[in-house]
Every structure is written in C-alpha cells, then in structure tokens.
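Look for chain A in each of the two complexes below; its partner is chain B in the first and chain C in the second.
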Partner chain A sequence: MGEPTTKGKTAAPALPSIRGVGEMRHLGLLGALALLVVVGLVTRPENFATASNMVSILSLAATIGVITVGATFVIIGGGIDLSVGAVMALASVWATTLATQSYGPVVMAICAILVGTGAGLVNGWLIAYGRLVPFIATLAMLVAARGLAQRMSDRKTQLIQAENSAIVELSTTRWLGIPLLVYIFALVVVLGWILLNRTTFGRRTYAVGGNPEAARLAGIDVRRHTMLLYALSGLCCGVAAILIMARTTTGSSTHGDLYELDAIAAVIIGGTLLTGGRGTIMGSILGLLIFTLITNLFILNGLNTSDQLIAKGLIIVVAVLLQRRNLKERAP
Partner chain B sequence: MSDNVARRGFLVGGLGGAALLAAGCTSNEPAAAPTSAAPAPAPAASGNDQPGTKVTIGFSAPAADHGWIAAIAKNAEATAKQYTDVDFRPVEPTNDINQQISAVESLIAAKVNALVILPNDGQQLNQVALQATAAGIPVINLDRIFPDKLAYRTWIGGDNYGMGVAAGHFIGKQLKDKGVADPVIVEIQGIATLPLTQDRSKGFADALKTYGFSVTAKQDAKFTVETGNQVATSLLQAHKKIDALWNHDDDQGVGVLAAIKEANRTEFVMVGGAGSLNAMKEIQSGTSVLKATVTYSPTMASSAIKLARLIAQGKGMSDLVENQVPQSITLASETITKENVEKYLALGFES
Partner chain C sequence: MLVMKGIVKQFPGVRALDGVDLDVRAGEVHCLLGQNGAGKSTLIKVLAGVHQPDEGTISFNGAEVRPGSPNDAIKLGFATIYQELDLVDGLSVAENIFLGHEHARLGFVNRAAGRRAAREVLERLGHPEIRPSVEVGRLSPAAKQVVSMARALSHDARLIIMDEPSAALAHDEVANLFRIIRELTAQGVAVVYISHRLEEIREIGDRVTVLKDGRTVAVGLPARDTPTTQIVSLMTGRNVEYVFPPRTGRKAGEEVLRVEGLSAPGVFADVSFTVRAGEIVGLAGLVGSGRSEILEAVYGARPFSGRVLLEGRPVRRGVVGTVRRGMGLAPEERKAQALLLDQSVTSNITLGTLPEFARFGWIDRKRERSEAKRLSELLDIRPPDPERPIRTLSGGNQQKAVLARWLLGGRKLLLLDEPTRGVDVGARAELYAVIHDLAERGIGVLLVSSEVPEVLGLADRVLVLREGSVIHEGEAAELDEHRVLDMIMNGRAA
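This part shows the complex of A and B:
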C-alpha cells in the first residue's frame, strides 16, 4: 500500500487519510473489544477465558465473518448488498437438495459457491448495466432468493446425508483444537485483505467508491468493476453457505435471516463509510467480533435477548458518532 | 467494441454455465418416497366415515417457512382427499394478515359449508371469523385461538402448557431415578415473546417444581436451525456440566443437536418438542443425547378437517354420547421415547 503505482493514481490522494482513520478506528475498536473481554473475565471468570469458549466465539463469527468480508468490498465500492442472508440460504438449500447431494460433498460445495456467485453476478449486472439502484436491486434479490429457497426446499429443513458428512466435518474436525471452518474464515479474511490492499482490484475498489466519475476518467471500467464487486459478495455468501451447512448439518431457507443487517452493522462499526471510498477489512472483522462477543457474554450470563439487541443498537450509534468526530478532526 | 462483446460473452457464458451446472441439482425427489398418506392411526369404528352429504370445506393457514406449518397444510389436504364427500377448497397460504383476511372473505363469499382457519394471529382475524359465523358458516379454529367465542364453532389445538409439563415430568423422573441432587437444567425456548413459549416454559417450571427442581438457565432461539445452533453453542460454554436440557422445538433442535455433537457433550438427557421425524429417528437410534420429545402434533390439521366434515354434515363424534361435535378439543402432549417411538413414526413430520 505504501508505494503509489501508476494504476493507483486516482485512489492515491485518498489513501493517507484512509490509513490514518483506519488505524485510529482500530484502536477504538480494540479498546471496545478489550472492554468486553474484561467484562467477560469479571462476570464469568470460570467460563469466559477458556480455550473452548474462544473457539466457539470464532466458530459463531465465521459464517457472518465470511459474508462481512464480501460486504466490506461492496460498501467500500459505494454500493450495498441487502441480499447476502437470502443468497446464503438459497445456496445452502441448492447444495443440499437430494439431487445435489447424490454427487457428493465436493459438488455440494461447488454448487453453493456457484449459486452464490451467480446471484451476485445477477445483482451486479442489474446494478452496473441495468442501472438499478443497489438498494433496490439487492432488495429484489433478497425477496426472490428467499422465495426460491423456500420453493426448492418446500419449506423443509434439508439434512446433510451421512455419506456427505465431509461437509459437517468442517465443523467437527479440529486442527490444534480449532475447527476447520475457523481456518476457512481466517483464509477468507487474509485473501480479502490481500485483494483489497495489495492488488489493482483493491485500489480500483477504493477509487470507484470514492469518486466513480474520477475513476472512469482515470480509465477504470467502473461498470465492470461494480459488477465484479457484487459477484465477489455473492461468492462469499456461497462460502458462508458451506460453513452454515457444516455447523447446522442442514440447508434451510431460514438460514441467514437478517444477516444483511449484522454484516452491514459490522462494516459500519469497523469504520467503513456507507458512502464508499473508505474502509478496511480488519475494521469490519473487529466490528463483527464485538457483536459476537456481546452475544456470547449475554448468553454466558443468562441475560435476555432483547437487552442484547438494545446493546447492539447503542454500539452502532456510538461507533458512527465517534467515526464522524474522527473524520472531522482529520479534515484539513 | 470487440472488448465489449467479449465481456458480454463472458457474462452470458458464466451465467449460463452456472445455471446449467446447477439446474440438475434442484430436484428434491427422494430415492425412497416417504409415505404421503394422511395420518389415520385410529379409524373410527362407526358409520361416520361413510360418505354423506357433499360438503365444501374452506381452508386457510399461514405460510410460515417452518416444517410444522408445512405439515399442517399437507395433513389437511391429505385428509380431505380421503373423503369422496368433501370438496376441499384451500386458499393461498400467506403470512400477511391483510391477505389472510381477504382470503377468508373470498371463502365466505363462495358459501363454503365449513371453514378451517389457522390464523396468523387470532386477535387480528377475529373479525373476519365473526363474519363467517354470522353468514352461517361454522368456523373450526385451528390451534391459534380467536379471543371471541362467538367467532368459532369449535376449537382444536395443542397444549403448550401441557408440553412443558410432559417435558418437565420426563426430566424430573429421569433425574430423580438417577438420584441427582441440585441438577443443572437448561431450557432452549422458541421465540420468547410469544404466549405459546411462555406457556411452555411455565408448564415446564411447574412440573419440575413437583420434583423440587428448577430451571438453571434459559435462552430463546427463533425456531430455526441456525438460531438453535447459535444459542446452544454458547449455552454449552456457559454450563460445563448439564444434567438435562429441554429444547422447545424439534426444527431448531437439529441445530441444537449439531452444536452438542460439535462440543462432544454426552453427559445430559435432552428432550425435544413438537415431534418431527428427525427427532424420532434420533430417539430411535438410542445413541443420541435426545431421549424423548413431547408432541405438539400437526396431525391436528387432519382432525380439524374431520371435525369440519362432521359439523357440516350435522354429525357428532361417534365415541361420545352427544349428538354434536364438542366446542373445544385440546390435544394431549404425548411423550415419545425409545419404547413407544415405533407407534409415532408414521405421525412424524419432516422438519
């Protein structure tokens, strides 16, 4: 990210402030995370700081985490993807129909990824070439994908058959005490980080989100890039579908309900601007971990789900207020 | 320009390829078709099943994406088809109150002989049920009750409090037999704000109290596999040793069981709720922590159709003395264990 290349010219002016804000925000997020850890240590000393609890927090975060990586790209690129939860549900259902299951676990995984990417491409095509507003195009996909998932599964929960238990083993097999799906989550985060920070694709994403017109004048094919961003988000939903299948041993049209809100909230808390052009993967992941940690703490302490929602709402507001202040301070 | 065409080609090719690859994978026809016959475990030993006056029965239910409600619609239809004298008239299932009201209105206008309604919300559909009754159409209220007794002829439904009681007794007895003192009892609810959930929890607590036990911790999921999995994952962390766990709903139970297997926990007894086929198979296997499930059976829809037919034809229930069908029927919540699961398998619904 340090060396400005010719390709990154348009994005270059914005970069210093992105990095600055990013680091500032990360400090704040790490502080919030540390605070939650302290709360956990004080309230449930015997349960919280155990290795197995840490592992279950990461396993819980993995599914939405993968989706959040895709959502970060879309939002930095100036768009929004409301269809993530529904697309994940559709991919999980499609990959667990008896017909798909007859081809074995590898085809099931490929099917989930293809369905996710396909839905993402449709979103992207409608937005980039069909000139639909992202909110509307992905809202339409949310409704339609959920409906298709229900139709395909006949509103039933589709169990993964015993002969395809390789999928479930992603959740039950552990390396060094950590389930495979956490490694997949980590891999997606690392790949996402590289893609955003070390490639032309990433620079173009910032450029397209920051100022599409300038990006276009600089020779970036903005429409094609926009379409690819949604396809990437769909791809992440496909991967997330594999993870949710592994965790729940099922595909279901009810999977991923309101994931879009959790993913968007995590991205916003992480310091990414909804208007595009700024944001980081690490911020989004920290935002997500804060949310997951809250859920975990509430359940460990036997507290009410409703209070948990209130806490999450407050955190979103506080995060955005802080973010705005930081931006003002940094403005020349 | 050529670049543009190539790109388009890529797009079409990509989409087409994905569609082709995936198109073969949408089928859900099982290798061995499950028996789709309507549950008819206890054939009436009277002339009531003989064809009578031809009647038209209207049916309206929510479209919730949940195995239980799917089973409700399927059971109703299958039972209606068993009778040559029943013209079954279902309306498009919907989760929208407004749409369900107009659907019921259309059935009233069609002058059906009886209406079976599982309302999205009893309170909100009360008015239209009153209209039906005023138009001389007997309303058979399925499960979610209308607050106004004038609105329906007969109510048939499950016993949420009784479910809790059944689960509480099973767990209480198991723990007492084992001689566990001060047991850790965990409860995973459905949607906590619903009255039915609160009834279930109250029944559970009341039954446990008779053994001197109480619930250690409870958390709500949302009746889905995924939420069940999430809640169970954290609850298992919060309680390193559990003696018994009651999960209100077998649909979300699939997720709960996945979490238990992942955590490798076997030290406790788990009881389910509703009575899905999956749960019954787990119980039958004998190797699962799931030892029992307490029913809240969607077979009630079959019974509701039978009642509607009897009422429309002016018949009573042959085993009872009275000439007319009773005003309300509360189904008992039955406890399914390894010992009696055989008898229930045919009634299990696919979640």
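This part shows the complex of A and C:
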C-alpha cells in the first residue's frame, strides 16, 4: 500500500496494526461517505441532518455491523461465512422461546450468544477438520439454521415479554441521545480491532489467510485457528441477535434475511481481499456505513428499493475495480 | 533437423544461456545433460516458445525459425512434455489430447470425432486400453505420460522435448516409455531427452550434449560409448564461485536428532542417520530422490514409519509439536511455503515464535520490533528497515529473514531445503556464513541442496541419496564433487 511516508518512522508502516482510518484506501472510502452525506444534505436538507435520522442510520448499521466484524475475520483468514443471517435468526428465535424467556433477560442474552457460537463452531469444525469447502459448509448451515429457526418458532414471530423488557431497553435507552445498542456496536468494533491488530490471534489470522502453508510450516495450528475464526463469526451473530431483538422487540426466523450478502459486500468494499491475508476492520465498517447511508438516502427520497439494489451492485463493482488498480500499483 | 547456434539468454542478474549449440537429427534420441542451473530448463523453454533468445539462431529443416510464443512452437511441430505434466485432471483423455485444437464446428465440440481421433493416437502409442472418455485425474502417472505424448502427437510434432520423463515412473513403466520413444523415432520424430540417470541415457540415447554454466561443453557424444568419467568431468568443475566460510575448529556436541529406519512407501526407505549439536549434515541427491520428503517427515509434516527422536524423545506427527520442541524448517519454495509476502519483515521473522512475544495473546510490539531489528542487523538484512513489506526484498534477503525466524526461541535443529535457490552469488556467500554461524551456536543443521559443491562445502557429513535410499554416508572432507555426482547418477556406492 503506498506507504504513508509522511507519517515518519514511528508510524511503523506495513504492520497490520496501523491499517487504520488514515490509510489511502480508507481515504477513498471516507470520500465516498462524505459525498453521500453531501447528496443527503442537498436532496433532503430538512430530514437528513437531523439527530433522529443519524440515530436511525446507526441503529440500522449496528446489527449488520457486528456481523461484519466477524465476517472480516473469517474473510481475512481466507474463508467465507454465508450462514451469518440465518444463524442470527436462529439465535433470536432460541432466545425468545417461552422456555428461555422464563429465565429472564440475562439468560436470553447468554442463550443467543451460545447458539451463535455453537453454530459457528459447527461450521468451523466441518471446514477445519471435516475438510469441507467453506462455501458449502456455511451454505448448508444457512439453510439448516433457517429451517431450525422456523421449526422452533413454528414460523411465528415471538414477542419479548414485558418482564424481559431489559433487552428492548438496549434500543430505547439512550445515553447522550444515542441508543445503547450503538454503543454495543462500537464496543464490538473496538474489541475486534484490538483482537485483529494487537494479539497473536489477529496476527495468525493474517498468516492463515495469506499463506496457509507457510503458517503451517511455521508451527501454527492452522486447523484449530480456522475453527476459531468461524466460532468468532458465530459469536458475533449471537451478539447481533441480541441487538435485533432489542430493535424489533421480537425473535423471528425471518430476521437477517440476506444479511450475509450485505456483510460480505461491506467487507469487500472495505478493501479486504476475498482470497484472504489482507484487510482491515475499519475498511469493513466504512463499507457498511456507505451501504447503510445509501439505503437511508433512497428511503428519504422516496425512491424504490429496486433502484437501491442496482445502486448497491454498482458500488460493489466500482469499489473492487478501484482496489484492483491499487493492487497493481503496489505490485513490485 | 534442428540446429541451434550460439543461443544467449540473459535474465536480470543472470546469463542463463551463454552460447549454447545443439543439433538434433531426425529420428534420434538426443540427450541433454547438465547439473542444476546449467541452463537445460531455459533451453527447453526457448524451444517451447516461452522464452525468446537474445542472440543466436534456430533453424529447423534448413529454415530459420523464431518461436515467439508456445503457439508458434506447436505450429512448427515442437512439443514439450514438462516434468510436471500439464494436463487438466477434470477433463477426459480425449479432451486433454485435443485441448486448444478441438474437433469442433461453430464452437460446438464434436465429441465422437474427438474420441475416435484420440483412440487412433493412443493405439499408435500402443495403449488402446486407455479409454478416451476417462477422466485424466483417475489415471496413473504412467498413463498420464502417455496422454501427454498423445497430445504431442496430435499436433503432428516432429520434435518432442521430454524433461525428466522417467522421474515419476516405476521401473516397468520406464520400459514402456522407451518402447514408445523407439516407435516415435522409427517414424522420424526427433526426441530431446533430459535425464539425470546415466543408465537410461545409455539405453535409449543416441547422442549426448552436455551443458555447463549456460554453455555447450560437448556436442553429439555417442551415448553408449562415452565413458562415464568423461561425462561427469564435463559436467563438474562449474565456474560458479562458491565462497565458503573457513572451517573453524567447531566441535559437534550432543546428539540432537536420531532417525531410524525412516520409510514412506514409494518415496524413501529405511533411512537412518543422526545430527549432533553444532553439526551440519548434508543430503545430496537429485530431485525425486526423496531428500525434501525426508526433511518434511522429520519436521512432522508428512506421514512416515520408523523412528525420529529429537533429543532422545520421539517426534510425533504435526508441525505444531516439532516447532514447540525446537525444530525449524526453511522450505524449498520460499514464497509459497515460508513467507507472508504482504506482511512486514518483522511479522515474517516472528511468525514461528509469536507466543514468546505475547502475554495472554497480547503482542508486545516493542519487544517484537526490537528483536526483529536486532536479527536483521545480525544477519545484515537489507534494506535495514524491518517494517518494510517483505515482498520488496531480494531473494537472498528474504531467505535471511526466514533463517532469522528460526534464530528465535532456542532452536535445536534447523532443516534447510535448498537455502540458496534463486539467490545471487554475493548473497550466497552471506547465507553460507549465516548457516555456519547457526552451527557455531550449537544448532544442529540438516541441509538439502541440488548443488553438490554446496553440500560438500557446507556440511561436515554427507549422505548421498538415490531413489529414496541412502547409498553413501561419509565425511564431507573425504568426498569430492566428481565422486558424489558419479554416485548420484550411476547409483554406485563408491
């Protein structure tokens, strides 16, 4: 990456750790984000820049955002997780069954996290030790988790009972005018960034995705690490399930439909290579915000959702084309 | 039929071909001999149209030709069968044979015609039992070779170049290969045959051309009657400068590694040896002699039977454990097997011993960087900036980073597979010094190299391998290049 020479020696270029917001590639994403804000201000001056609209953008972004953090790890590690939306739905259903609800909100939250992590472990085990291709293993999980969620809920939307409203309060309680669930999202992003950039786990994720053979011959337990990556993605789905339960006050087998595509798109737009070994959390989050902002602008301007999908498709293509040019410039 | 004169090919930093002459007659098997790096592969690629020569002329049937692309070469009637067969496993035999020139009309493949034509070619090769509709991935290596040859014939090749075709074949399969070659030559096809096995050359070859340092040193020797000593001495005494550090009075210490009866079916058999602390043991042998595979087995990266003991305790399969117990490997394919090209030099150096820089998973980046800096200064890795992406470094400096990786964390045994491959002469001398230095520190070193002088110059003891067996073990000081090469090629324990 065109090394930021301006930053001088202390910036320690090229370590994954400084792949922060300041990088060139991220400047492009920030530029795109700024452009969208300008479009919003010009087309809808009265609605766009309001506090309530900003809050609704962030709340919307929070759920997929948490999933995107997990997806970033999996993709940097050279894999793909298609099951995220379905696993989140399953976690939300499992946590809102009458049986689970009878134990109170804390158990509901723990249940969602355990279900998500468990599904992730199954994915990871199948891929790492069962030698299934990630695409297939997680596709199977997508279908099966969605089915299990339908069966558990009998295809009905499960309301969160009044005595468990603590979950819903994550969305209604505000601190400095911002709902708690946005803070949870922010916390997940920060923890994810630390995990990726400051720990052996993160370093190994880059190694396993960038060159699995080199990682193996350097003594890294590639299989175990691969399994943990999917478990981490599942864990994020569990957290996302809590957020969507808070926002919608329900658990449902229809939650998170096509979230996997949004999450993967956000990661790709953020500059993470689908082939693994390179990428950043910040890029993924910026990619996600761009996506969410587009949705918001289309809704505010009363445009139909089909056009919105077309615009998103174009953005994915343009983003990847731009990155490829970047890569070429960097090649020795 | 084919005459090459004064072929020169210059690569950045290397003159791979420095005036090669070759003349091949119709209907003969012309053998090409030379050590690794003598220029055989480059010469083949010139004929295959992959490389264009900088100087020199190629004429074919009296007319000057310049194969500018692989397609040109095929049109001229040159077919190349590479060591790694370039077949598509998922396609059928017929589809492979006619890949790129299918029997088709308006883009629709006429499968029946393709199969019929494939059957004809296979029958001509004496292999009617290979069914054209079978998927190539299901065939044995020998049958794949036949398919490769069928493809060459389907192009109406007049000149077939075979790069070590017998390397992947069992004994009786080699006999069949020779039968096919004889049939082809009887039809006037010329074959350029590359092999390290002298007895094969004696059996199938008509004439021999010897390459050394990118030059032809002998043209058209009779394959059957030229004495082995003459061939070997033509190949040896290369002008590559090997600058080895002087042998110091280093004393080998305790036994670090003991290997007993190491076997893997079809790869190597009953290999036993020991490595002591501070000792460099070299494995000399051809590609396919099992040398790299032995390293992998010792490292726990490949299944084996027999016993491997590190400091008296048995090694189990799995690299995680062997690294933890103090082994390190610098693999043969540096880029594919050792490096994270996108990452910094620092990340690459600390990759193998990351837990030592971390507490509860949290990396102490200051210590990591200072250690990486210390090591890059120690090994003189240039440019001296450990934060650079490693892809921007030269091959020699990348290799130093791989060695630096295993200077960390108290290594007891290092396995070095072709440590100087793709490294220029100056950097080689530095790497030799580093390897010596490792031994001085009391690390046991097991070294594999295709270059005999390198093994002899670096190692204290040498094991000569041939087809998976140790055929000689002795002090490096008592061997010379000539003798080792003779053993490798003739299979005689001298």
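Please note the rule applied: the second predicted complex is superposed on the first by the 310 of 332 C-alpha atoms of A that agree within 3 Å, B and C clash if a C-alpha of one lies under 4 Å from a C-alpha of the other, contacts with A are read in each partner's own complex, and residues count from 1 in each chain.
We adopt the following convention: contacts are C-beta pairs under 8 Å (C-beta built on N, C-alpha and C of every residue); 3 or more make two chains touch, one makes a residue touch a chain.
Nothing here was measured: the structure is a model prediction, and the numbers come from that model.
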item	value
Touched partner set for A:Gly277, first chain B, second chain C, both or neither	second
Superposition-derived comparison: chain B or chain C, residues of chain A touched	B
Contacts of A:Ala99 with chain B and chain C, given as first, second, both or neither	first
Partner chain(s) touched by A:Tyr206 [first = chain B, second = chain C, both, neither]	second
First, second, both or neither for A:Ala215, with chain B first and chain C second	second
Contact set on chain A toward chain C in their complex	12-17, 198-201, 203-204, 206-207, 210-211, 213-221, 277-278, 332
Residues of chain C that touch chain A when the two form their complex	299, 301, 319-320, 322-324, 329, 331, 336-344, 346-347, 351-352, 354-355, 357-358, 361-363, 365, 369, 387-389, 391-392, 405
Residues on chain B engaged by chain A in the complex (per definition of touch)	7, 11, 14-15, 18-19, 21-22, 24-31, 64-67, 69-70, 192, 217-220, 222, 224-226, 229-231, 233-238, 240, 251, 254-255, 257-259, 261-263, 278, 350-351
Chain A residues within the chain B interface of the complex	44, 46-47, 50, 52-53, 56, 59-60, 94-95, 97-100, 103, 107, 110-111, 114-115, 117-118, 121-122, 125, 150, 152-159, 168, 171-172, 179, 224, 227, 244, 247-250, 252-257, 295-296, 299-302, 304-306
